[in-house]
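Take a look at the structures below.
You will see subunit A twice below: alongside subunit B first, and alongside subunit C after that.
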Partner chain A sequence: MLLEGKNLSFKYKNTDYLFENINISVESGEIVGLVAKSGYGKSTLSKILAGYETPTKGQVLLNGKKLPNKGYNPVQLIYQHPEKSINPRMKMRDVLLEAGPIDYDLIKAIGIEEDWLTRYPLELSGGELQRFSVARVLNEKTKFIIADEISTMLDVITQAQIWNVIIEFVNKRNIGLVAVTHNKHLAEKICNRIFYLEKENRG
Partner chain B sequence: MNGRIKLIFSIIATITIILIIALVGILMDEDVLKADFKIKNIEPCLEYPFGTDWMGRDMLARTVKGLSISIVIGLVASIVSAVMAVIIGTLAGTMPKWVDSILGWLIDLVMGIPHLVLLILISFAVGRGIKGVMIGIAVTHWTSLARLVRSEVLQIRNEFYIKLSKKLGKSNIYILKNHILPHLLPQFIIGLVLLFPHAILHEAAVTFLGFGLPPEVPAIGIILSESMKYLSAGKWHLALFPGLSLVAIVLLFEHIGSNIKKVLDPYNAQN
Partner chain C sequence: MSKLLEVIDMSISFKMYEKGFRQSYTQVINNLCIKVSRGEILAIVGSSGSGKSLLAHGILGLLPNNATMTGKILYEGKGLTEKRIEELRGKKIALVPQSVTYLDPLMRIAKQVRGNVKNEERIRKQKESFRRYDLCENSEKLFPYQLSGGMARRALICTAEQEDVDLIIADEPTPGLDIELAMKTLRYFRELADKGKGVLLITHDIDLALNVADNIAVFYAGTTVEITPVSDFLKGEEGLRHPYTKALFNAMPQNGFKAVKGYQPYYKDLPKGCLYSPRCTIAKEECSKSKIPMRQLRGGMVRCIYAT
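Moving on to the complex of A and B:
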């Protein structure tokens, strides 16, 4: 499968273009890095690729077709802020169940302890929550993962642990991954190729 | 014992008092309410703590009966009102813009007319009595809660986890049931309980003015308006005790409401 962003441009109301004419593509089984400094539109581009935002110009195509509006989106975004992507009034078990049945081996590998499942999001730290938002999208319905700065708030050991689980999963299931980060070294270590969002792309 | 447990105890105790009053009133033997001219115009004493009226009716019994009628009317009216508020508020928050505009206009319309005027009008139009008062109160009191619910829904609808839930393939109904309604539950309960005192006071007011319950029913509003005629003749106890009891019940509900607010919504309880 192929996920591609064609001639993507984006601007918020009453501002200049955040970026213009971006072409980016990921194939199944490929890990692509998206590297840029803060404020260059990484998160916006991630949201566009996962269908959360509509680009001002251009389009996002999955195998030549538009992303589905209904049903499970095969392109899943893991958001930078786990506390915003999890309902504070839901217990962690229900958060995982929302995406489908719980894979206990997987959540163990990603470092989720079983007694966290009965807690509320406020009773867990940001890093602990982020493991849940990662675990939630690692299922057989996901074909592409856009990981937007998912490890920024974690310590180095936990970062390695989470990335290992994701990369293992991605390789096993032949999933395409876009690793969005400002950390060039991380991208160089895990990615097959890297896409730099540079100053020239800005309007 | 921490503050939270104390609060919950206090809420349960208050609810129990109200339930007892309601049950005593509902199960009361009708004979107690009958006129007995041998004992008319007795001032408050040990046997008749609230005294008796010009027809020899025990004022304590009438007051309790009246309060229990008020509690039942208040309960039904505020539940209907709060449910209406949640439905209308949620519709306004989730439906297309034009639905929101129409509902907003409707809320403004009902809010713009003084409660009592609208209440008299509706209760008169649907044929007075308990039914008229209940409908009247139910359809006038939902507005402010509906507005609150609408703004809550508008806010929560833009939360990232709701958008994410859609991308996980969840339907709007699933999102409403699992994300939006649980979020509204505290508002609903607090709104419901705080509607109670309003409903009871308006019921008494409409009845006092003669547009509510029929005169043979011992409602607080009836008791108060009848006692007006005898007040100048020195029968102070006819108005004082039923009036104080009404205020006491209203304060009890207010007490429950603000305490539930403290338990369910600690952030806003301090303001």
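Moving on to the complex of A and C:
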């Protein structure tokens, strides 16, 4: 499968274009790094690719077709701030159940203890929460994952742990991954190729 | 160098309700000791959820009501009482909070950064720090939700620069910033330290910490397991003392990306002896018998019997 963004441009109301004419594509089984400076629109581009934001111009195509707007989204986004992206009123078990049945082997591999499932998001640290947001996208219906700086708030051991699980899953299920990161070493380690969002792309 | 901040044997526990009205105390930080001198940047690294932010909040007196703190905190040699910290907080000791949710969602960021005062000096200072961090004039009028993650982070850093502080406690100031901006922030901290201030830099980015810090304190499950000069960290595995620090080093993407098995114990069922012993490769019977004290080793400190 192929996920591609064609001639993507985006601007917020009353501002200049954040970026213009971006062409980016990911194939199944490929890990693409997305690197850019702070404030250049990485998170916005991530949201556009996952279909959560409509580009001002251009379109996102999955195998030549538009993303479905009903049912499970095959392009899943993992947000930068887990504390903002998880419903604070839901227990962690329900958060996971939203995405489908819980795979206990998988959550163990990510480093989630079963005991955490009965807790509320406020009772977990940022790093612990981030494992849940990773766990809920690692799902058999997921075809592409957009990971928006998911490991910056984690210690290096947890980082390695989570990335190793994601990479194993991605390879096994032939999933395409876009990894937004600032960490040069990490990008070099895990990515097949790196996409730079640079000033020339801006309006 | 004179000592600026000293935390001696700090423990923090939370009162929690179990079933009904039954209460229990859970200790999240145990016997923690650190010190920051004038002119020093002490970086604190360690696993997520090891109580790094709690330490910051404990020093600043920002713990929630159900928390109890024991131990001593000395600031400039004198005890830091509740009353004293209230006077110092924001004026002499500044915090760069960890999460961008600390910004008031209903206040424009420029106003938020300089505080609710109209004063030319303050405005000038705020504009100066905005310029330093590439926040353009247009962004001054924005609300936090209109900022990107990195911009919000920079606004948070700016707030700590507004007063002439002696001690900055920066709780993960760099995630979301690109290398250039992150380095700029840290270089600014270095400048402050060189002027005789103290910086407590809590971070996950060991790479960056190695660039600017003088000493590194490694946290695990609510306590310090090692305090080491940066130079030892740069030497690699042999320079380091504690097995956990070595594991951290080996997990960095450029050094193998290897994750040790297991995870940090949950604070409700901490092992009796060494907190790291269940995951440790060199652990022996003795390790799980009793608490391990910190000891001096090769110019640093370590909480391990077998470290060499």
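The rule is simple: the second predicted complex is superposed on the first by the 203 of 203 C-alpha atoms of A that agree within 3 Å, B and C clash if a C-alpha of one lies under 4 Å from a C-alpha of the other, contacts with A are read in each partner's own complex, and residues count from 1 in each chain.
What we mean here is this: contacts are C-beta pairs under 8 Å (C-beta built on N, C-alpha and C of every residue); 3 or more make two chains touch, one makes a residue touch a chain.
Since we're looking at a predicted model, the values are computed, not measured.
> After the alignment on subunit A, I want to confirm one thing: do subunit B and subunit C clash, or do they fit together?
With subunit A aligned, subunit B clears subunit C, so fit.
> Contacts for A:D155 in the overlay, against subunit B (first) and subunit C (second): which applies, first, second, both or neither?
second
> For the superposed arrangement, I'd like the angle with vertex at the C-alpha centre of subunit A and ends at subunit B and subunit C, nearest 10 degrees.
80
> In the superposed arrangement, which partner chain does A:Q76 touch: subunit B (first), subunit C (second), both, or neither?
A:Q76: touches subunit B, not subunit C.
> Determine, under the contact definition given at the top, whether A:S9 touches first (subunit B), second (subunit C), both, or neither.
Neither partner.
> Would you mind checking which one, subunit B or subunit C, touches more residues on subunit A?
Larger number of subunit A residues touched: C.
> Taking the superposition as given, does A:A99 touch the first partner, subunit B, the second, subunit C, both, or neither?
First partner only.
> Figure out whether A:K84 sits in contact with subunit B (first) or subunit C (second), or with both, or with neither.
After superposing on A, A:K84 lies in contact with both subunit B and subunit C.
> By the touch definition at the top of the document, which applies to A:Q59: first (subunit B), second (subunit C), both, or neither?
neither
> By how many Å are the closest C-alpha atoms of subunit B and subunit C apart after the superposition?
7
> From the superposed pair, tell me which subunit A residues show up as contacts to subunit B and also as contacts to subunit C.
Shared contact residues on subunit A: 81, 84.
> List the residues on subunit A that touch subunit B in their complex, please.
50-52, 70-73, 76-77, 79, 81, 84-87, 89-90, 94, 98-99, 136, 141
> Residue numbers of subunit A touching subunit C in their complex, please.
Against subunit C, the touching part of subunit A is residues 12, 15, 36-39, 41-44, 80-81, 83-84, 111, 113, 115, 124-128, 149, 152-161, 163-164, 182-186, 188-190.
> Taking the complex as given, what residues does subunit C use to touch subunit A?
Residue positions touching the partner: 45-50, 98-101, 134, 138, 146, 148-151, 153-154, 172, 174-182, 204-207, 247-248, 251-254, 257-260, 263, 266.
> Using the touch rule from the top, collect the residues of subunit B that touch subunit A in their complex.
Per the touch definition, subunit B meets subunit A at residues 159-161, 163-165, 167-170, 178-179, 182-183.
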